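Quick one: structure below, then a few questions.
Labels run A, B, C, D, E, F and G following the written order; every chain starts at residue 1.
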Amino acid sequence: MTLVEYCRIVILPVLAFSVILILIRFFKGPSIADRIVALDLLITTGIGIIGVYTITSGSSTLLDTGMILALIAFLSTVALSYYLERRSKKK
Amino acid sequence: MISAILLGFLFAILLVFAGKFFKGKFAVLSSLIPLGLFVYFLQFIPEIMEGNIVKESYNWVPSFGVNLGFTLDGLSLLFCLMITGIGFLVFAYTSAYLHHHKYLDRFYGYLSVFMAAMLGLVLSDNVISLFTFWELTSISSFFLIGFNNTQEASRKSALTALGITGLGGMFLLAGVIVLGNITGTFSIAEMLNMSPELIKGHEYYTVAVILLFGAAFTKSAQFPFHFWLPGAMKAPTPVSTYLHSATMVKAGIYLVMRFTPVLGGEEIWNTTLIVVGAVTMLYSAFHSLFRTDLKGVLAYSTISALGILMFLIGMGTTESFTAAAVFIIVHALYKATLFLTTGIIDHQTGTRDVTALSGLRKVLMPVGIAAIIAAISSAGIPPTIGFLGKELTYEATMHAPIIATILVVGIVITKILLLWAGFVAGIKPFQGSLPENLKDTKMPGPFMWVPPILLAVLSLIFGVMPFIIEGSLIKPVVSALGGEAGEIHLALWHGFNTVFILSLVTIAVGTTLYFLLKPSAKLETAVGKLESASPKSLMEKFNVGFTYLSSFWTRVFQNGYLRNYVFIIIFFLIGMVGYTMIGNTKFNIDPSILSNVSFYELVVFIIMCIAILFTVFTSSRLSAVVAMGVVGLTICLVFVFYSAPDLAMTQFSIDTLTVILFVLVLYRLPRYLKIQDHKMRIRDGILSLMFGGLIAVLALEVLSEPVNTEIGDFYAENSYIMAHGKNVVNVILVDFRGADTMIEISVLTIAAIGVFGLLKLRLKRTDRVQ
Amino acid sequence: MKNRFVSNILLTFVWVVLTGDFHFSNYLFGFVLSYVILMVITKGSRKAKYFTIVPKLIFFVLYFVKELVKANLEVAWEVMTPKLNMTPGIVKVPLTVQSDVGITLLANLITLTPGTLSLDVSNDKKVLYVHAMYIKDKEKFIAGIKNGFEKRILEILK
Amino acid sequence: MEILLAILVGLLYASGIYMILRRSLVKLIIGIILLGNGANLLIFLLGRITKGLPPIIPENSKVFLEAYADPVPQALILTAIVISFGLQSFAIILVKRAHKVVRTDDLDEMNATDEDS
Amino acid sequence: MNIFIGVVITLGTLFVLLAAVGLIRMPDTYLRISVNTKAATLGVGLLLGGVAFYFYDLSTTSRTFVIVLFLFLTAPVGAHLIGRASYFIGNKLWDQSKMDDLRGKYQRNSHVLKSEIDDTPEDNVDHTKM
Amino acid sequence: MKTIILRTASNYLLPVLLLFSIFILLRGHYLPGGGFVGGLIAAIAFVLHSFANGLKNTKSLLRFHPGFLMPAGLALSFFSGLSPIIFAGDPFMTGLWYHGHVPVLGSVGSALFFDMGVYLVVVGVTLTIIFTISEAP
Amino acid sequence: MMQQLIIYPLLFQLFLSIVLMFFWNKINAQKVISITGSIIAVLLSSYVFYYVWENGTQKVNAGSWDAPFGIVFVADTLAVTLVLLTALSGLAVSIFSAGSVIKDRLRFGYFPIFHFLLLGLTGAFLTGDLFNLYVWFEIIIISSFVLITIGGEKAQLEGAVKYFTLNILASTIFLTAIAVLYGLTGSLNMADLAGKVAAVENRGLVEVAAILFLIGFGTKASIFPLYFWLPASYHTPPAAVSAIFGGLLTKVGVYALIRVFTLIFVGDVFLGEILMVLAILTIFSGGVGALVQNNVRKVFSYLIICHIGYMIAGLGMFTEIAISGVIFYLIHDIMVKTNLFMVSGIIFKIKSSNSMRALGGFYANYPNLSLLIFIPLFSLVGIPPLSGFWPKISLIGEGFATENYWTVAAIVFASFITLVIIAKLWAEVFWKDAKEIPEKPKFEYFSDISKAKKTQFILPIVFLSLISLYIGFGAEHIQLLSSRIANELMNSEQYIDTVLNNS
């Protein structure tokens, strides 16, 4: 088994399975904060998936997307936290 | 001739600028225009008598086959003389009737536009230009009827008149276009030169005839379209005289006469005219019995006269044509006289109620003379020309091609009733004793009373000396209609025959009726109860019904609910696309062209589905926003998997920004409404799923078709060599298709400006209304 | 001035690493670029001794990696074993570091280390609130942080 | 995978329309965004998908040495995405403003302009 | 070499999986944040390290380096923010938690965080009262 | 959200992000990136800064209204599209290229300036929108 | 240089918009720039029109990339005619805006957006690329969104939400259609598509694409049952905005339909029938809608829909004469509808209302203005020889020739109902006595404003009325133009040759 095959047959499915687990949390919540955390983890995992995918496809240019993800994913978290705080102020 | 027509328009335009100056004592001078024109047209008589036709043509829109072609033949000449002659008298009369009226200049403007349009109408050889002038008469009539536009009744009458004649105009438009289709020309002269079989045998012949009749019957107030005409009496009396008895209402008659040689002679043509004419003349003659308003009486008798004319033309014989031609003159003379005298009575006494008027001969003697002569002419009593007209009419009817006896009975009854009407309008107000309140009635100025006298005198002169009009007017008209002009010989005395007996009967019965039946308000109200079944009320009911339908239709579609609009649009889309696809597509999705699915792809698919469903069904707005973040991320992953890093980057950045935007506005927005309407949800759900399913199937169908990557290949080959870039997508964006990008950044800029304005601009309360 | 210069050099290196182009021209370009950016955003600067930091920084990174791996295994154990044996809670950790950079660095490092999460810093900058998975002894826990990350950070930022 | 993507596109279209058909302003915007995503993905799908071969010419070459994904749909989508962003931002603000002025989130109550006045 | 890469990647994947399982299993939001930030960041770091070694060229390496750098820079800040927000919106600690030093220190309206409990209790965020 | 941690982090992230955005802009012609993404990242950098430090601070940092970037960027793109008409008599948007290799950037041509215009517009637009919303009552 | 002339109107509008943005806070400068610029735009467009009239269809390959690879701008007679009409409407509305749009709106980018809108229209008419058309459509709708909401009054916002949603929906459907077409042919160039679509074997899919285009463009053109956004919103923004909307926005949808159905999907019988049915329903819906409205602007809005039906009907008949009728009607309608919405603006300015119930007394108090307004009103009715009349000859004639009797009936019905509506409007607004309605406090009435401002209100109406009169009395010229356009459209080989021949 070559590394590429290993990635395709073992690694990517395991990562995909992780994603499903994260999705379950996303679904269950219960708090909106949990969903945000799940989204955050989903994006991080996405970066991992993209990394492995570059190995299976042999095209490292796809990594560039990972850079963007890593850099600005956290902006969603910032914004959503910002929202949650402001909303809690309102009460 | 064109200058004759243009003169009226030019005068109207002049009035717009110089109206104030003109309004004063110079008003009467305007009658010089119709007078001049009258003289101008008189000079054509010799040429026309010789059987010549005067032609004139100017290019206008040759691409449509439309030119300003004018033809003066006997028929046109008769009408031209009537238009300008009566026009002259009405113009003069008006200067006194509306003396110092605030809007006298406007009135003259409309009047001269009308006169010009009417001349254009009867002179046009081109049917499109004929239609043009036809519409102009409707419009100018609209303005004249609505002259007292601050009164609601005036406005309503003007609208009714315009509605009916406008409807007729549409028939005419369609009619002349069909004629154009049949004949390939818009020129009446050319139509006349074609073989009649070609036209009459054409499949559209009947359509053309019906459409033209639609136009003629509405304009000439034939049953059941007649009701606009009594309403039009709201206009000042000069208008009633000029438009609604002498000229405009005869435009329909003119139209039928004009097309008799082209379309006439077929059964549908003749029968329709006879039946409609007969019904109209009887119906409205009866109606005239029940009026107390002088103008109302005159209006119904006018309609009846118009019916007689249709009826005569419909018989289609030389005799009937002659009778029609003579009756046109007869009617124009006596009816104009009666209107003018009625106008004087109205003007001087302030009432037109015939039950309140009597003995006016004592104060308005000259007017009375004119009126009485006119009444006699209307009754067909010698030596007026009215007698001649009636004799010719009876004669022609007796020789009618079909059911002559019945028609004769009909026409005699009509004439009896018209006699009554004429006497009521012309004799009744002057007869008997003068009531106390009318004692102070004064004679009007000569500009008012001379015109009716002139007309009345003409009724007498033509009656005594019919040869004056025989060769100059009647014969050319009859030959223009396709009759045998040679057979015509007009004389007052035709000998003691059936026709004469009928005449005597008519006069005797009519006079008796006049003495037995007095116009009364009681009768009027009694008949008014039948009004609910009259064409007018039916039309009004139809109108109400149609308005109701209109609001209903509008409310059903434009009901204010956005979701309804979207529903209809999507429903429509599904219907159309679905119908096409079911009918045409072969569901031949080729599995071999599709790539297989890996587990991680399946997972991405599942995430996206779940995230979408979560977005849709969550009850929290924030959760929906977060779930949309998940959707965005999975789309981003799809872009990465399928070789689109640029897309993935952009999609993700924009999704993040969207989340930020949402977050910044979200807490200012209310929570979701809790609306539990399961039926609606199921309905919308089914529609949405059908829509989505349709798009999915469509996508798969397209995917089974062969690919063409010519353009992508060109970009790939030239990207570095020609455009110095290796990221082909970016090279497309900034070079190959840079224009798209240029616009796109403009779009962004506009959006930003819009946002800026939406949030920053607060109108001051005073500006809010502007 | 010095501070700006240091930032400038740092950013130049970031640029070179980013672009992966080690030609001289790229250094120059990166220098100019970061100069411009700094000029645009300069506002309220901080003093730091650039040259003494480097070696300490290296040790510090190694220490951090060690902590990272150690704690990660701890968490892994916790997650993978069926029973949850945690004793979590929020602990108030008094701060010796006073600079914003120091506090931030400390907080972030604590967060990155498994088992602990810096929740917030009090507005008077006296206290860091840390959520931790294993608080067997509060004082020991605080001491661990103070003697570990905080001490090193203080040295670097001195 | 094409089948799955087609289903996804269909789902995006369906959910977009479903959300637009609701009565809430916020849902309306979410619907519009979903619909836009669907359209973009549809272009992507119908431009034919290719795995792992981005249309970027390798570093030391002037032309492509192997197969590559069609760059055209990508460029089109990029343009469409950015335009959608502009429109969506405007929509979000429009909704905010509309809510503030009209004082309802219920689209059913926003029908004054269709009534005769 | 490939085996080394394989090991690194496997390790990274396991850490990601760990984070995912942790996210499911952890009983309160703060613990989930905790697991998320660490395990996943480390896991993705390892994965990308593997990628860097696999391609073994400068451009890939610098890219992976940048990604990891960005993750390490942003992840803790994100964790801090969402943790803080959780506290504000009233997410309670797991019932077996030992202590909550944060109780009563946030001010509800100003969002000021105090180092000591002071005398304005009604304005304080206190989960036990919620 | 005045937290020390976020504020400090954002102060350091801002230059990094801006640098990164220009990096993405300039490499766009050769590798994934370009004016759009670059501009979006730059805008995001300022947004982050404004979250942490308040809008006022971010605005004073910028010194000019972000709205100004829109016409400026549009003008830059427009004139680089127009330049072939003016200088070479070629149709609108035809690429004009400096023949020769410029360090860092590779080939320099009108397309690059065009992309810079895009970058500026995107920054201007995004910031205008977000700042306006943040300021709105 | 000469050959590139055809895109100068487009570049110039873009230039204007950018320049205007630099003068953000200087309203008076903006007014001057906008009006001067609009005059230049008219001159430029006239010259382009003349050039194409003399030299035939022209094209410019943007970026020097040959068709079908790059974006190509094509100026056939139809395109330059519409560009010229856009410039004319633009000039009129620019002047009208300077007088009528309040300062606050001007301070928030009214003029730049206005010229962006004109840019979008110009571009949409000139482009030869389908996706580029989509992008132009987007610039049109986003600028119209901004213009319709500018000021943010309650009614504006309510209308805008509907306008926005339905137009976005239409854009998405348009985009979907592009996706299908690209998937089938791999091309976006319209001339190239003409050949490639014809070669597609699966006609069903081609038809589906055609229907998607029909729905996408049909919504913009506001045909039945896609028109709902129009009556919901057109009466809400300032009159100047309604004027440019009423004149041009729906027409660009009609233009797109004409282009696509004469170039790409040619002569499909099924589509023709659909168009016919839709045309009849459109005419009916617009007509009855206008009949029951009470607000002058709403009446005009519904009449837009009604008259769009004429053009769709002509397109459905698909004969050269019918198409020439469509083009003639298009030319007439752009001028007259722009004018009428400006008229509604002046009415509002005089009486601070657009409700027929509240209006009255115009004829007594403003006789000359009334006469002026009479021209566009009755041009709309199509009283010969005013402009609306002529195209009916072609349309009705071809209706008979192609045996579409219901369509003929619909057109006749619409002409009639338009007459009734306008007459009613005339009676209510102009004839009826002025009602004593309480003056709105601080409202700046027409009688209060300066002479210069009054000129800015009246001059554009005079300008467009004169053009309408020219169209009516000089119908020969317009008909020559329309026939030539129809001929070009029906024989698209020439267009295709010009675009694809890259010698």
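Following the convention adopted for this analysis, a residue touches a chain if its C-beta (ideal position, glycine included) is under 8 Å from a C-beta of that chain, and two chains touch if they have at least 3 such contacts.
Treat the numbers as computed from the prediction; the structure is a model and nothing was measured.
Remark: among chain pairs E-F and D-G, D-G carries the greater number of C-beta contacts. A separation of 62 Å divides the Cα centre of chain C from that of chain G. Chain D and chain E have centres, each the mean of its CA atoms, that are 32 Å apart. For the pair chain F and chain G, the distance between mean C-alpha positions equals 36 Å.
With each centre defined as the average position of its C-alpha atoms, the distance from chain A to chain E rounds to 13 Å.
For chain C, the set of residues that touch two or more other chains comprises 18-19, 107-108, 118, 120-121. Residue positions 14, 17, 21, 62-63, 131, 135, 138, 142, 145-146, 149, 152-153, 161-162, 165, 169, 176, 180, 183, 186, 188, 231-232, 292 of chain G are each in touch with at least two other chains. Looking at chain A, one finds that residues 15, 17, 19, 32, 36, 53, 59, 61-62, 64-65, 67-68, 71-73, 75, 78-82, 85, 87 touch two or more other chains.
Every pair of chains meeting the touch criterion is listed here: A-B, A-D, A-E, A-F, B-D, B-F, B-G, C-E, C-F, D-F, D-G, E-F, F-G.
Residues 598-600, 602-604, 606-607, 610-611, 614, 620, 622-623, 625-627, 629-630, 633, 636-637, 639-641, 643, 645, 648-649, 652-653, 656, 659-660, 663-664, 666-667 of chain B are the ones that touch chain A when the two sit in their complex. Here chain D touches chain B in the complex through residues 1-15, 17-28, 30, 33-34, 37-38, 40-42, 44-46, 48-59, 62-64, 68-72, 74-75, 77-79, 81-90, 92-97, 99-100, 105-108, 110-115, going by the rule given at the top.
Residue ranges of chain F in contact with chain B, taken from their complex: 24, 28-37, 40-41, 43-44, 47, 67, 70-71, 73-74, 77-78, 81, 92-93, 95, 97, 106-107, 109, 111-112, 114-115, 117-118, 121-122, 124-126, 128-130, 132-136. Interface of chain E with chain A (complex): residues 2, 5-6, 9-10, 12-13, 16-17, 19-21, 23-24, 29, 32-33, 36, 40-41, 43-44, 47-48, 50-51, 54-55, 57, 59-60, 63-64, 66-68, 70-71, 74-75, 77-78, 81-82, 84-86, 88-91, 108-109, 111.
Chain A contributes residues 2-3, 6-7, 10-11, 14-15, 17-19, 21-22, 24-25, 31-34, 36-38, 40-41, 44-45, 47-48, 51-52, 54-55, 60, 63-64, 66-67, 70-71, 73-74, 77-78, 80-82, 84-85, 87-89 to its touches with chain E in the complex.
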